[in-house]
Amino acid sequence: MRLLNASGCLDALTAPGVARSLDGFVTKTITPLPREGNAPPRIAETAYGMLNAIGLANPGRERFLAEALPQLRELGVPLWISVGGFVAADYAETCAALEDVEALELNLSCPNVDEAADSAAEIVAACRAVTALPLYAKLSAAHPDLSEVARAVAAAGADGLSLVNTLRGMALHPRTHEPVLARGQGGLSGPSLKPVALAAVHTCYAATKLPIVGMGGVAAGRDVVDLVACGARDVALGTILFSDPDAPTRVRVEIGDADLDEVFGTAHESAAVHA
Amino acid sequence: MPRRERRSVTGVERVGAYTLLRLDRGGLEPGVPGQFFMLEAPGRLLPRALSLCQASPGELAFLLDAVGPGTEALCALEPGERIHVFGPLGNGFRLDVERPLLVGGGIGMAPLPYLATRLGRAPAVLGFRSERHAEAAALLPDAEVVVEPRLVTELIDPGYEVLACGPEPMLHAVAAMCPGAQLAWEAPMACGYGACYGCAVDVDGELKRLCVEGPVLEAA
Amino acid sequence: MRLLNASGCLDALTAPGVARSLDGFVTKTITPLPREGNAPPRIAETAYGMLNAIGLANPGRERFLAEALPQLRELGVPLWISVGGFVAADYAETCAALEDVEALELNLSCPNVDEAADSAAEIVAACRAVTALPLYAKLSAAHPDLSEVARAVAAAGADGLSLVNTLRGMALHPRTHEPVLARGQGGLSGPSLKPVALAAVHTCYAATKLPIVGMGGVAAGRDVVDLVACGARDVALGTILFSDPDAPTRVRVEIGDADLDEVFGTAHESAAVHA
Amino acid sequence: MPRRERRSVTGVERVGAYTLLRLDRGGLEPGVPGQFFMLEAPGRLLPRALSLCQASPGELAFLLDAVGPGTEALCALEPGERIHVFGPLGNGFRLDVERPLLVGGGIGMAPLPYLATRLGRAPAVLGFRSERHAEAAALLPDAEVVVEPRLVTELIDPGYEVLACGPEPMLHAVAAMCPGAQLAWEAPMACGYGACYGCAVDVDGELKRLCVEGPVLEAA
């Protein structure tokens, strides 16, 4: 089990110590052109989670390749590059420009991308055609038949899956009843997501047997073990890093000497698989 | 280097309409005035950003305005309870100023007591929205104080180099009056250390992370 | 604003007092044939919600019409009948057999029904053809483009929407790492769902302007007001009824004299609508 | 009629490996022995089902085995704290039995003290998994007690009409020995009053709601 950060939940250049406490650093999603992201406020706390509408703020492919990537390489941490875009060619061009990194994670679940199974598979196929690097397809759980999407991206050449991205959510200001986020809706992450993440990993592992990076509401060692039992080979920490930058180290202590190889997939043994 | 430690509450005092929360300092550095700490707010998912208000060898103190669930939870702490504290974070005030004037509006006075200590007694002007809020001026004994409808900006002599913290409209007014002023801004923050990109603010026409570039920024 | 129960979260015959404290009683989903439901355990608590895999246990259409419905009528509470099935004809036959009730709620989001927009619209159209009763289409938030589904069922003749049904979730037993539910996965309800419910109501109101019964994690008056601000005309209480059968009365007290007509839709005023 | 009230904890006592939680009774009826109450478990979403163990004019007492987060939270209550209590719920034991014998296994002894009071001192046999657990037999002073490896079923004289509560394997064994026995079953319950259909159990080949049909069912 490799412990990673969730894309968009850590900047290795401002917090190199946290990045080094992980088994790999996943970048924020890189799009072809620079993006400032959405207007603030773009974060809000909910009762048991948080919302973000960052809007894929990133320096764009050229500046990432020229400036950030060389600095990231110096950290000595295996690099996962999160790739985003709006059409398949956006993704493929970025994938083609990358080499000598641990893996590429295709963010197929950003709010502005059509998430229907076809289109996700199309993007994966376009990227597969231009790179031999491990390709992870990152999916949202917001689909009536997630196993279908998982099978489609597997057939298109994905080497693995990253599950789950945020769910659409909203929070209102108690006095004005206006949305807290300037954009209105945002992505729900944190503890509320955990049962959804377990189900998504469980479904997609049963459907594809691909290696999965599990994430969604992980806050403690126990959550890592649950994801592994559902079929995650690796696990990523997202929202928890905001409140606890020491979480990678703490979570490892909490896992202790639990034998994760033995736990792997146990949630599939007894229950009727629901896929 | 910022550290994250679990610290004990050593005192919780009402100061006018605000609350002064004292924590035992442990291995935490106080940092530069204007830097901030992320404090665990019991029962909430995300920590809350607070400027350091006072520092002593044994304690760090924060001045709080209870405006929502997080600050309310922090103000309800009792001596002996423990919370995680992470900091110091961000960029504080430059202290190499010749004729400093400290300007605070409301809870924006929070970083000024520590700033005054580090500068060695600079003149200060404070504005508050009520007499009760103004009682917090006791934490900065030599300050000149006004209460609404008078505004603190009336007291600013542009001959000084201003170091200010307060509500946005006040900071904009100060920026207009005093180019080069050092202003401590606020933004909703999830992490405080550059990880979430939640604290984006417009800096010279570009959205930047306030926790990394600020919270103290120079007025253009 | 009418305060209802969420389907499957109250039995008016065993708890008539609770049903009478509501402005309408929504039945558990009725299918053509009787269903025992899934094997136990079929409920589990999660950190901020619960999972159920009841499996649409119900006496079937014939027994419902012959036995339960006459008894329900005696309560004097307006009746909403939740209709389920596996193909459009299942739903339509049940709708055709019903008259003199307040509304029909089509459960289009039960785990065994294909939830793609087409099929939901097909079911609504089939029911529309056989009844003049108000038809509410009940949707899940688990869709990459919920506004598309909402528009499709509106075009097919739905008079209103019920939002949201549960999300797929899972919980593991801490010692064995086996699923707590016999069926493996179940539907996540309760507080974790609230931000998702707000976003779904917000999206679907913007897309269709249809009357909406909002639900998902309502526990207090504040939650009702938030749903109304997002565009819900009526609100249903689900999981909260399990821990607090007095919730309808309490929630009304908590709403107090807030003017819900004034609050209605305020979450659409400032924010860029995200649909 | 079941009522739901916010009641105060009047006492929390360890009884061997179990905990006796006393609540002031307020307007709650104790109901029939074998009926149960849903108790709010602080910090948990759903209430927990507990059989009434003892009733007095001023108090209701519940015997708890802390097996998970809900029962742990209940055992950690302190006098003066308040929780919501809803009941009595379900169908209890029929009391019109001529030669009753109370049979309890482990925490299944919980409803028996109140049952004994209402029956007027019936003979009782109890089985426990350890000496420490067996200390709870003090709540039913005249009971005969065995500790594993001996099983409580060894003490059952089939000439009696059995009223039993305990783990599933024990209840199945009793059912096989004593047709007509009244058995108090358990199932995971979200609501306790027929609303959730979560507590389905197989009753005569059909899945039924234990909280409505039971928890006391007659052995076929």
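Which chain is which? They are A, B, C and D, in the order written, and residues in each are numbered from 1.
Keep in mind that, in the parts below, contacts are C-beta pairs under 8 Å (C-beta built on N, C-alpha and C of every residue); 3 or more make two chains touch, one makes a residue touch a chain.
Just so it is clear, the structure is predicted and the values come from calculations on it, not from any experiment.
**Student:** By the touch criterion stated at the start, how many steps lie between chain A and chain C on the shortest route?
**Tutor:** 1
**Student:** Out of curiosity, which chains are bumping into both chain C and chain D?
**Tutor:** Expected: no chain.
**Student:** If you average the CA atoms of chain A and of chain B, how far apart do the two points sit, in angstrom?
**Tutor:** Here chain A and chain B have centroids separated by 35 Å.
**Student:** As a quick test, compute the distance in whole Å between the mean CA positions of chain A and chain D.
**Tutor:** Centre separation, chain A to chain D: 47 Å.
**Student:** With chain centres taken as the means of their Cα atoms, state the distance from chain B to chain D in Å.
**Tutor:** Between these chains, centre-to-centre, one finds 57 Å.
**Student:** When you check chain B against every other chain, which residues touch at least two of them?
**Tutor:** Residue numbers touching two or more other chains: none in chain B.
**Student:** Which residues does chain A have that touch at least 2 chains other than itself?
**Tutor:** Residues 46, 48-49, 191.
**Student:** Considering only which chains touch which, how would you classify the arrangement: line, ring, star, complete or other?
**Tutor:** Shape of the chain contacts: a line, open at both ends.
**Student:** What chain-chain pairs meet the touch criterion?
**Tutor:** Every touching chain pair, ordered by label, is A-B, A-C, C-D.
**Student:** Would you tell me which residues of chain C are touching chain A in their complex?
**Tutor:** 46-49, 51, 111, 114-116, 140-146, 167-172, 174, 176-179, 181-185, 188, 191-196, 198-200, 202-203, 222, 225-226, 229-230, 263, 266-267, 269-274
**Student:** Considering the complex alone, what residue numbers of chain C touch chain D?
**Tutor:** So the residues of chain C touching chain D come out as 8-11, 14-15, 18, 28, 36-37, 40-46, 48-50, 52, 54, 57, 190-191, 239, 241-246.
**Student:** Would you tell me which residues of chain B are touching chain A in their complex?
**Tutor:** 4, 38, 40, 44-47, 70, 84, 86, 187-191, 193-201, 206-207, 212
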